[in-house]
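Next come two complexes, and both contain chain A; in the first it sits with chain B, in the second with chain C.
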Partner chain A sequence: MKRSVRHSKNGKIFGLSEYIIKIITIIILIILWEFFSRVGYLSPLRFPRPSKLAITLWELMTVGYPIGITVWLHIKATVCRILQGYLLAAAFAIPMGLIIGRSYLLEQAANPVITFARSVATISLLPLAIAWFGVDELSRILLIAYGCYWVILTNTIQGVKQVDINFINAGRMLGASRRQLFFRVILPATLPRIFAGMKIALGVGFMVIIAVEMIGTIQGLGALIQQARFYYSSDIAIDGMIFIGILGLLISIVLDRLEQIMLPWAVGLEEVER
Partner chain B sequence: MNTCNSDTKIVVKDITKQFPGENPEQGLALYDVNFTVQTNEFVTIVGRSGCGKSTMLNIAAGLLSPTKGEVLINGRAVNGPGSDRGMVFQYSGLFPWLTAIENIEFGPRNVGMPKAERRASAQELIELVRLKGFENKYPRELSGGMQQRVAIARAMALDPEILLMDEPFGSLDQLTREDMQRELLRVWEIRKKTVLFVTHSIIEAIYLSDRILVFNPNPGFVKKEFVIELPRPRQKSYPDFMRYYEEIYEAIC
Partner chain C sequence: MSNSSFGRRLWVSWAGFITLLLIWQIISVMKLINPVVFPSPTGVIKAALTDVPLNRLLQHIGISLLRVVLGFTIGATLGIIIGIVSGWYYRLGRVLWAPIDLIRPIPPLAWIPLAIIWLGLGEPSKVLIIFLGAFFPIVTNTYKGMVNIEPNIIRAAQSLGLQGRRLLLRVAIPASLPDIATGMRVGWSYSFGCMVAAELIAARSGLGYLIMHARQTGQIAVIVYGVILIGVINLLTDFVMQESIIKRKLKWQFLSTS
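Now for the complex of A and B:
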């Protein structure tokens, strides 16, 4: 692994590991926050102090909000919805992208549609989705799928288009049939880019889910935050944000790990398009 | 399999290649190219960048079709790639998702050779190009010289009669490049092949070749031909070597 020149040689600054320094920074920020709100610079209603957040956090995990729905249930609901929409999107976007990317004609034809559809903010489709599918799980999942679909599709198309001509020529010189060329050369050469698209799509999925959960459900992290808004419970809203952040972090760690296992040859090669 | 005779292996007949473009003069890469290559002969095309030498090689490979003329191999016209020809590219021809040995096995796998058999022959090639111990490394884990060794082994995996080499050492540093030139000759001595090689290095061409074709730029055609009558192994410091160098240099300019 290459490290930038500004990194210290052994990963230590003033004899402390970089890891420790990151944790200390966070702790200092929390202490400052607590301090300023106790002194009275920050209104406890708008900026609940960290100690209050910690207590609320504990209550969310044990008692739940609304009572009975613990944060674990919220997380489970959110993760289930994202996964369904996300996998649905991938199941359609990857094959479509592979087909469109291989054909100049299809790519030209699809280009304006894709650019248009991608520019439409997914959330703005919420009223339509509700009109078509009702205030229902289906609406939520389809909206997530919509948001993820275009990102995976464009990255897959770009990936196919950018396959090095040398790989294709080498494949042809080594006796590959059209079918073999596709499955043994073009597909593996495209995988890193597909993976990159999948990673961005997950982020998009997270943005969409929180918004679509704010309507018509009491389960899910978005619903939790929405409920908190009704009662001016800033502490619950902030704790909800913290859970979303941690969840996103964990999932991206899992995806990175998955990529290292599945594409050990490609780690660090991909370029990304949103 | 290749007996030592002096049959003609490759005949390039009246090849013209016009690339589609607005200006017909710019798109004319090759004009009326004619030459032959004998069985087991090492022939090199040299010339300035853009003289169509790579285009010529791609046409012989069957990756490009000529606008006019034909390439005959063993008397049969080339119509697309075939297992009688193996090719080594300058850059990134190796599949980064396959290990060294899997890259070598790629061709045999396509034509349906059983796993045990292709593994054994790939292992043999690994040893031929002296990469024992590196067979399970990915290309990115190998040095530039090692990558080109794998590329040569891979091109030979279907046991082609002809090796087409498109500036294979062009991206290597000078010392590695010289090692690879020696390696290539060593491999060529062991497994006799007809080689059509492209380079812009005159020294490399003289060191390697039986015969050198100097290409004219824009459009490309064979401007002059040199038979290199130096005993092998050749020394780049020989006065005769330098004499060839000067003659060829003059012919290119």
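Now for the complex of A and C:
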């Protein structure tokens, strides 16, 4: 990250690098936490000690919670749901976005609908989805798809609109047919933006799934922490959150890598908000 | 832009909505699907007028907005302060960001169970969730703004003799205001979503409760009404935010060019 003038110290503090400072801080915090809960300042019911958390973590991986459903199964359930909803959304949003983005009139007509649909909080559709499709995998997947759909759609439309007019004119002048123009010029020029949208969408889907899983299922990371809440097992809730955080981090790292490999020409693209 | 073409644009922009509503109405009038399960637009309006008394509705809206405003205000205040401090004092910043970086990947909604264990089912747990929704985008953007200030602006101010706190207050913070504004707008929409989710999962009042309760009593038209209402309120509040922020941004940019 770029630093301002005040920070041009090579990123070193007392000769230590940024990462080591961070790790030391976190270790100190954990030790403090352990210490205060052993002394009795932190109630063990609400703030379980780190050592307890570590033991629970191991149990979650081997025995599982509820018994028999290990954390790996929870992760698998969550990831499967996200992927299904995400791919469903992408399959509809990208072609739709390409069509809308190419036509000024369609874009004008679609704009208010899209703005409104985006501001409908995806979670608020949960009761409706349950009423229509039951407390079922289908409603969960559709909700994720809804959340992802509008993000990918807006980014695709933006992408098509922002294609450099000179590229299109050059293509036309060189005699490209409409079809060639679309597949050889517009689509590749739009891809970085589509990818940016897909990246944000996955984050949105991840947020949605955690909340959706809290209702009516026992499989999935959201279900895991919600079950823990019913039995006041704060250690399981915190461990579940750790897994959620790691999964979220992994997803964003993988997507960044994928983008670098697949779209090397898309460097330094500003993301559309949300 | 000429008046007639503006009028045409307005008409086109409503055409999408009207077409959708018409399709919706036609499908439900044809009664392909049970109207109780799939209410028509007129059915939703009827339900809105009869099934939800206005004073109850206003109460729900009021309490929801109160929660969001409370959580957002705390989140924005803390986020801006921590963002500015950690962006300005480099060493302190590294230490402050270690725990923030650790919790940031966890979506705010994943805190709901723990918030309930910690704070119970009352208001504090909901405010905590909304706070988290606002805090992370705002602190991240504020920090980004503070760290990415154009170095020449700082150098110019320093060579003109500004130092320390005056440099921070007069130059650095104004320079990062646009980023803070972006963070606040994103934070608002996040905390709004968090409010709905928190109210769905555990509440006895508010818009989220309204629709979850309607599901239990099977009033699907009321759910649809509630969903639309949540969307409209989100849109309106976001519009107000954007207006106030853009005006501030413009004022700032105006100052920088003049």
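Just so we're on the same page, the second predicted complex is superposed on the first by the 251 of 274 C-alpha atoms of A that agree within 3 Å, B and C clash if a C-alpha of one lies under 4 Å from a C-alpha of the other, contacts with A are read in each partner's own complex, and residues count from 1 in each chain.
Following the convention adopted for this analysis, a contact is a pair of C-beta atoms (placed from the backbone, for glycine too) under 8 Å apart; a residue touches a chain by one contact, two chains touch by 3 or more.
As the structure is a prediction and not an experimental result, all values here were calculated from the model.
K.L.:
Judging by the criteria at the top, classify the pair chain B and chain C on chain A as clash or fit.
P.N.:
fit
K.L.:
For A:L32, using the defined touch cut-off, is the partner it touches chain B, chain C, both, or neither? Pick first, second, both or neither.
P.N.:
neither
K.L.:
Go through the superposed model and pick first if A:V185 touches only chain B, second if only chain C, both, or neither.
P.N.:
A:V185: touches chain B, not chain C.
K.L.:
Just to be sure I read the superposition right, which of the two partners does A:G175 touch: chain B = first, chain C = second, or both, or neither?
P.N.:
It touches chain B, and chain C stays clear.
K.L.:
Looking at the overlay, does A:F116 come into contact with chain B only (first), chain C only (second), both, or neither?
P.N.:
Only chain C; A:F116 stays clear of chain B.
K.L.:
Is A:L263 in contact with chain B, with chain C, with both, or with neither (first, second, both, neither)?
P.N.:
After superposing on A, A:L263 lies in contact with chain B but is clear of chain C.
K.L.:
For chain A, which side has the bigger count of touched residues, chain B or chain C?
P.N.:
Looking at chain B versus chain C, the one contacting more residues of chain A is C.
K.L.:
Quick one: classify A:D164 as touching chain B (first), chain C (second), both or neither.
P.N.:
In the superposition, A:D164 touches chain B alone.
K.L.:
Can you report the vertex angle at chain A, computed from the C-alpha centres of the three chains with chain B and chain C as the arms, to the nearest 10 degrees?
P.N.:
Here the answer is 90 degrees.
K.L.:
Touching A:I21 in the superposition: chain B (first), chain C (second), both, neither?
P.N.:
second
K.L.:
Please give the least Cα distance, whole angstrom, that chain B and chain C reach in the superposed model.
P.N.:
Minimum over all C-alpha pairs: 6 Å.
K.L.:
Going by the contact rule set out above, which residues of chain A touch chain C in the complex?
P.N.:
By the definition above, chain A touches chain C via 1-7, 9, 13, 18, 21-23, 25-26, 29, 46, 105, 108-113, 115-117, 119-128, 130-132, 206-207, 210-211, 214-215, 221-222, 225-226, 228-229, 232, 234, 237-238, 240-241, 244-246, 248-249, 252, 273-274.
K.L.:
Given the complex with chain A, which residues does chain B contribute to the contact?
P.N.:
Residues in contact with chain A: 58, 61, 63, 80-81, 83, 85-87, 89, 91-97, 106-107, 109-111, 138-140, 154-155, 157-158.
K.L.:
Which residues of chain C touch chain A in the complex?
P.N.:
9, 12-17, 19-20, 37-38, 87-88, 90-91, 94-95, 97-99, 101-103, 105-114, 116-118, 146-149, 151, 154-155, 158, 172, 182, 185-186, 189, 192-193, 196-197, 200-201, 207-208, 211-212, 214-215, 218, 220, 223-224, 226-228, 230-232, 234-235, 238
K.L.:
Along chain A, where are the residues that touch chain B in the complex?
P.N.:
Chain A reaches chain B through residues 164, 166-167, 169-177, 180, 184-185, 188-189, 191, 263-266, 269.
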